[in-house]
Each structure stands twice: as structure tokens, then as C-alpha cells.
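Naming follows writing order (A, B and C), and every chain is counted from residue 1.
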Amino acid sequence: MTYTLWIILTGSLVGLTCGVTGSLLVLRKMSMIADAISHTVLLGIVGAFFVSQSLNGLPMLIGAGVVGILTAFFVESLHSSGVQSDAAIGVVFTSLFALGVVLISFIGDQVHLDTKHALMGEITFVPWNTLQINGVNYGPIAVWMLGIVLILNLFLIWIFYKEIKISTFDPQYAKLIGVPVVFVHYLLMTMVSLSTVASFDSVGAILVVAMLIVPGATAYLLTDRFFPLLLLSGGIGILSALIGYGFAAYWNVSVSGSMASASGVLFLFAFLFSPKHGVIVRKIKNKQYAS
Amino acid sequence: MDFNLFSSANFQWVFFGSLLLGFANGVIGSFVLLKKQSLISDAMAHAALPGVCLMFIIFEIKSIPLFLIGATITSLIATHFIQSIVKHSRIKTDAAIGIIISVFFGFGIVLLTYIQQNSSGNQAGLDSFIFGQAASLVRSDVQLITIGSLILVIVTTLFFKEFKISIFDPQFARGIGLPVSFFNGLLLALVVGAVVIGIQMVGVVLIAALLITPPLAAKYWTEKLGMMALLAGIFGAISGVSGAVLSSVINDLPTGPMIVLCASVIFFFSLLFGSKKGMAVKVVRQL
Amino acid sequence: MIALSVNNLTVTYDKQPALENVSFAVPEGSLTGIIGPNGAGKSTLIKSILQLLPTLSGSVEVFDEPYKKQKKIIGYVPQRSEVDWDFPTNALDVVLMGRYRHIGWFKRANKKEIEWGKTCLAKVGMADYANRQISQLSGGQQQRVFLARALAQDARIYFMDEPFAGVDAATEKAIIQLMKDWKSEGKTVLVVHHDLQTVEDYFDHVLLLNKTPIQYGETQKVFTLSNLERAYGGKIAFLDKSPVVPQGAE
């Protein structure tokens, strides 16, 4: 496969993985938790580096998973102790993110991990960083990680489909009929953490938020059904990645930034022109009613 | 370590600048916290990045006042977008904030890389708007921060009780003839001001923490708004100074994250030992 | 037989007592209205019985077993305002949520379950709305979807939280019919209720509550002016049927 195709595949996998997982968070009104986790995952990656002295896939995934769950746990604890939820999220993620950034400065030049990378990723380097076993080249590590996380997430959504659905729609009722809502909550938090860390190399810790939230929110404006929403969200994620990459390649600018911007443009289109919920479409309908 | 640091004139400016900046953010943040707009302020901060970059692309000079104007414009656009998304669609506030934060910041990064590709070397320092860099500040920058912070503190103090009533009970405030929307707008302007003058030192990514964390820490020590704002100001000032000093003394430490870490330490200490709601107090009471 | 017995239930909310020492025992097959002024803790009571809220002390027994062991036979109709009706799903889907415990982990609803869901929707007069998105239903229709969901659960004890709040006549009828059906099937129903005028028509038992139970028992015995005055602190005015409490009786 050529260099460009690898990048496009990576970007699409980011869009698909984050889009599907993130749409669940939009429905649960936990977008800002996704924002928080995507920031704090940096600390997990840095921590995994200090422990394992490398930037390999597995320690990173574990570190990110742990810190992601801790983030959700800290936010939850502060909130239940009486801190309003937005402030609880704000204080937890800025603290852990700041710690991550400061710790990065201590890593120095030993490995390719700096604050800039943490912010916007380096999707253009992804094709060079390949998985080599016994001298055989199995393709970019990022693609493997994204693929594994995507399959894992889809599998989890598939087996816990109705539990996720009911605990999102009506958590109290879910609890009443014996659905372990806390388990589902942390399951999703883990899925978000894993998606973030798998996307980290490509789009960085902050811009992954765009891939997590924006496709889901866009799909939410386009459909009223649960399963189509998941599919659509993944599709919009891929589309954002493709448009973003095309734009970035043409203007020679940040790929991840362009992907975020592209997702924003798609959202704006849905916001204005969605057949059911678009602002302009509704205005026209209202006028027809009036006349 | 440079021991002459503390006597250098530039350092004294940085010292006072970070002190006042932290203080102003803490005080204003107290109101932001009460209005439950902590995360909206984060969105405003992230949205400042494209504003700064656009100004540089248009005017092709590095001028702090111009950057501030650009940042103000895009921050205000961002808040406006959040409000209209929530108002005109079924998207809830948290998702709207998340969308605006990530898309505006992403666009800012696009512009930043565009500048790095296409401008002729004069872009030095724009990077520091992301995480802040006290070391890169020249005297005029710090003077601007100092004077700006001072103005913010004075305005907040002048209208303290008006802010208080229009946040706590806007209906009543309207009833007694206060222009509540004016004060809402003024508070918004103060937040934009705090964010914008702070981004050079703290950076767009973390400046909101300076608005969120000190007031939250102060809440563990007092239940009175006046005292809370004052304490938040003091906590902010301590964080600002210690973060700025630490990052100048130790090489390569980014200023913003250091300031935020100091604030986080204060918060953590308050969470444990705060005299009103601290965990230690709660444990003692239960015994 | 006693269907539900609540013993010394105490619930605090931000250090303020929300419910204090609530004890009562509901006979099987009864229709109980839970009545009291605003802030009396009516919804709190239901939620703490269902263990959706943490309780400070007390116990709940269902058919002489601890609540935990009997969860399967409990049905619940929450207040409509407690969920987000913009959620992307349709009416039948919501009704099938009532079957999730029966369906079990990892499995999907089979044809039989779907048929049962449709039957339940038909029972509340919503057969034609099975595939309608819930955001496009009226308030009363949404309430009926919740009723159908509870019906689908096939429980032995039902809890309803203000089912009559803000619904249309058709829905009100459907709720009353459902309560009658349940009663004739020997099921036990507890309803948080607001409208004092209809209490005598709807319920054979009444729990008068104001943070602590004022009285529990058969409607004729409990639903008296003096008891109501004790529960409502004298600030009560019946509109037509019952004697009017003089203004300024406080």
C-alpha cells in the first residue's frame, strides 16, 4: 500500500472508531467527560512511558485505560461530594492534563513524544512506524491499534447493546430492572479511553475530542433512530477524516486540525439543512404553515 | 539556576504580572463558577487561538494588542455559537461546548500550521499561545498583562454586589431595576478579558483552569461570596507566581501547566483540609 | 397477605431529613394513593423503596422477603419528565425495555417478546404508534408508552409516580382502566397522586404523607378532613365536593 493510502486508512479508522463510540456519549450527555478523558489520557501515556520506558502499544493502552477510568471516577466523586458537574470536570481534567504536559518536559529528547505531538498528533509519521516481527513488515502500528480497538468496541456495543441503550435512555428504570448501570458507565469510559489512545498518534489528545463528539452530534440531528445513529456517526467520522485529509494535503496544513474543522463544517450543514431538525428547513416549514 | 533572576527588572514585571493575572482570574472565576459556566470559559479560551492566528495572517505582524482583538472576536463568536446551537437544535449544552472547543481549536491549529508553512520566519512565539511561555514575554507584554488584570479586578470590585444579585436571583434583580443583561454582558466581557490577557502566559489550552480551580478551592474554606472571591484571588495569585517562577527557574517547563499544577495542589489541599467542607473536617464530624 | 411492608424508613437529603421513620404495610390487591403536600417526600418515598435513592435506615419487604430478592416482581412508571424524549428510539422499543430482565444478557428480543410488546401498547390504546419516534409523541402518549412498558414487565407490584400529571383525557382513561385491570388480577398498585378531588374515586387505600406518614389505611377511614388538615397544615381547600376549609384557619 502506498504512503497516502495508509494515512487515509488511519484517518478513516480514527473517524469510525471515535464516531461510533462518541455518539453514545453525546446521547448520555457526557460529551465533556469525553473531552476530559481525551486530555487526561496523555498522563496515562506519559505514565506508561515512565514505567515501561517505551511507547509500545500495550502499556500505552493499559495506562490510558487506567487514567481514563480514574478521570471518570474523580469527576464522579467530586460531583457526588457536592461540586457542580461542569466545575468537577474542569478541575479534574486540567489538573491531570497539566501534570501530563509537565511530565513530558522531563522525558526530553529520548523518544518522539512532545507537547506538540500530544496536541495534534503526527498522522504523517504513522506509515513509518510499522510493526516488525522477525523482520517482516506488518504495516503501521497505529492501524493495528485502531483496528483492534474498533473491533473491541463494536463487539462490546454488540453484546451490551440493550443494556447500553436502556441505561442511556432511562438510567433509573435500568437500575430498577437490574441493569448494572455503573458497570455500563465505566465500560463506556474504558472504550473512550482506548479510542483516544489508539487515535493519539494520529490526531493527538485534544483534537480527538472533535472526532468523538462532533460526528455523534451531527448524526443526532439527522436521525431519530438509535442504530442508524451509530452507523451514521461512524460514517460522518470517516467523511470528516477524508475531507480533512484532502484539505490538509492541498494546503499543506495540520491533518488533525483539518479533520476537526471538516467535522465542524459537516455539523454546521446538518445544523442548518437537516431534513428533520435543520434550522433553515424548519423555518421554511413554519412559513408554509403560516401561509 | 540563575540567582540574579529575582533582581532582574523583567522578572519583577513577570512576578507582578502573574500575581495580578492569577488574582483577577480567581475573582472573576468565582462568578463564572456560580453561573455554572466553567466549561463555557474553557470553550472561549480554546476559541481564542484561531483569532490570534487570523490576525497574524491578515496583518502579518506580531502585535499583542491586535492578537487580543482577534482573540476577543473569536471567543465571542464561540459563545454565541454555543448558545444558538442549544437554542435552535436538540443538541444539549455539554455537546455544544465540546463541539465548539474542538472545532475552533482544530481550526486554530490549521491556521497555525498554515502560518508556519507560509510566513517568512516572523511567527516566533505563536506556538507559546498554546501552553504559555513566561520566558518569551517581553516587557511590554507583561505590562499589558499587569495593567489589564488590574482593570479587571477594579471593575469586578466596583460591581461586586450587582454581579452577586444578578447571578443569584436574576428575576429579583430585574425587579429592583438592575440591568441584568448588561451585567451578564459585562461578566462575559470580563471573562473574555481574563482569558485573552492570560493566554500568553498560561496558554489557550489551560487558561480556563485558572478560572475554575481557585474558586472551587476557596469554596472549601468559606460559604460567603465576598470571602470566596478574595480567597480565590489569593489562591490564583499564589498559583500564578509560583508557576511562573518555577517555569522560569527550571529550564523547558511550560508556564501554563506549571501554574495550573500549583492551583491543583492548592485545590487538593483544600479538598482534604478545608475548614468548611474539607474531607478531614467531615471525618472529624462523623466521629 | 401483605404485599409491601416498609419499616422505619429514613432518608436524608443534604443533611435535611426528607423522610422520617416511615412505616406502613400494603395489603395485596390494593390500590394505594400516596398523598401529601409539595415537598412531603412522595416521590422520594417511592424511589427509596425501589432503592433508587440511598436510605439512611429502615427496611423494605415484599411478600415477606427483603426487597432485593423480589426485584423481579416490581414494576415502575417514573415521572415522564425524568427522561430525555429526544432519545433516538421508537415507542415499541421503549416498551420492550420492560422485558430486558426476562430477555437476559446478550440476547435480543425475539418474536414472542415483540408480539407481547405490541399487545401491551394496544392495551393502552397505542397500537398504531409502535414505530413512531418517541420525540414525536404527545405528553399523554409518552405517558402511555411508559404504562405499556410497566405492563410489559408483568410485575406483581406496581409503582407509579404522578401518572396523571399533565395528561389528556384519553390517557387518564387508559391509566384508570389499567389500574382496574391490575386490581382485578390481584396486583398491588401504589400511585403518587396530586389531585385530592379524585382520590376517593381512584383508590381504595390512602397513604397520607408529610415527611412522616400521617396515616395509612382504607380510603374512607383515612381520607378525612382532620387527617388532611394534619398533612397539609390546614392550607387546604376542596373545590366542590367536600366541605371547604375556612380561609384563615391557619
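Keep in mind that, in the parts below, a residue touches a chain if its C-beta (ideal position, glycine included) is under 8 Å from a C-beta of that chain, and two chains touch if they have at least 3 such contacts.
In this text the structure is predicted, and so the values were computed from the model without any measurement.
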item: Smallest number of contact steps required from chain A to reach chain C; value: 1
item: Most widely separated chain from chain B, with each centre as the mean of CA atoms; value: C
item: Length of the line joining the C-alpha centres of chain A and chain C, rounded to whole Å; value: 40
item: Separation of mean Cα positions, chain C and chain B [Å, integer]; value: 48
item: Distance from the mean Cα position of chain B to that of chain A, given in whole angstrom; value: 26
item: Residues of chain C engaged with two or more neighbouring chains; value: 135
item: Contacts with 2+ other chains: residues of chain B; value: 90
item: Multi-chain contact sites of chain A, meaning residues that touch two or more partners; value: 29, 220
item: Contact footprint of chain B on chain A as seen in their complex; value: 26, 29-32, 34-35, 81-84, 86-87, 89-91, 94-95, 97-99, 101-102, 105, 115-116, 119-120, 206-207, 209-210, 212-214, 216-217, 220-221, 248, 251-254, 256-261, 263-264, 267, 271, 277, 279
item: Chain A contact footprint on chain C (complex, rising order); value: 47, 50-52, 71, 74, 76, 78, 82-84, 87-90, 93-94, 97-98, 100-101, 103, 105-106, 108-109, 133, 135-136, 149, 153
item: Chain B residues touching chain A - in the complex, by the definition given at the top; value: 33, 36-39, 42, 85, 88-92, 94-99, 101-114, 117, 127, 130-131, 205-206, 208-209, 212-213, 216, 219, 252-254, 256-258, 260-261, 264, 267-268, 277
item: Chain A to chain C touching residues, read off their complex; value: 27, 29, 159-163, 165-166, 168-170, 172-179, 220, 223-226, 228-229
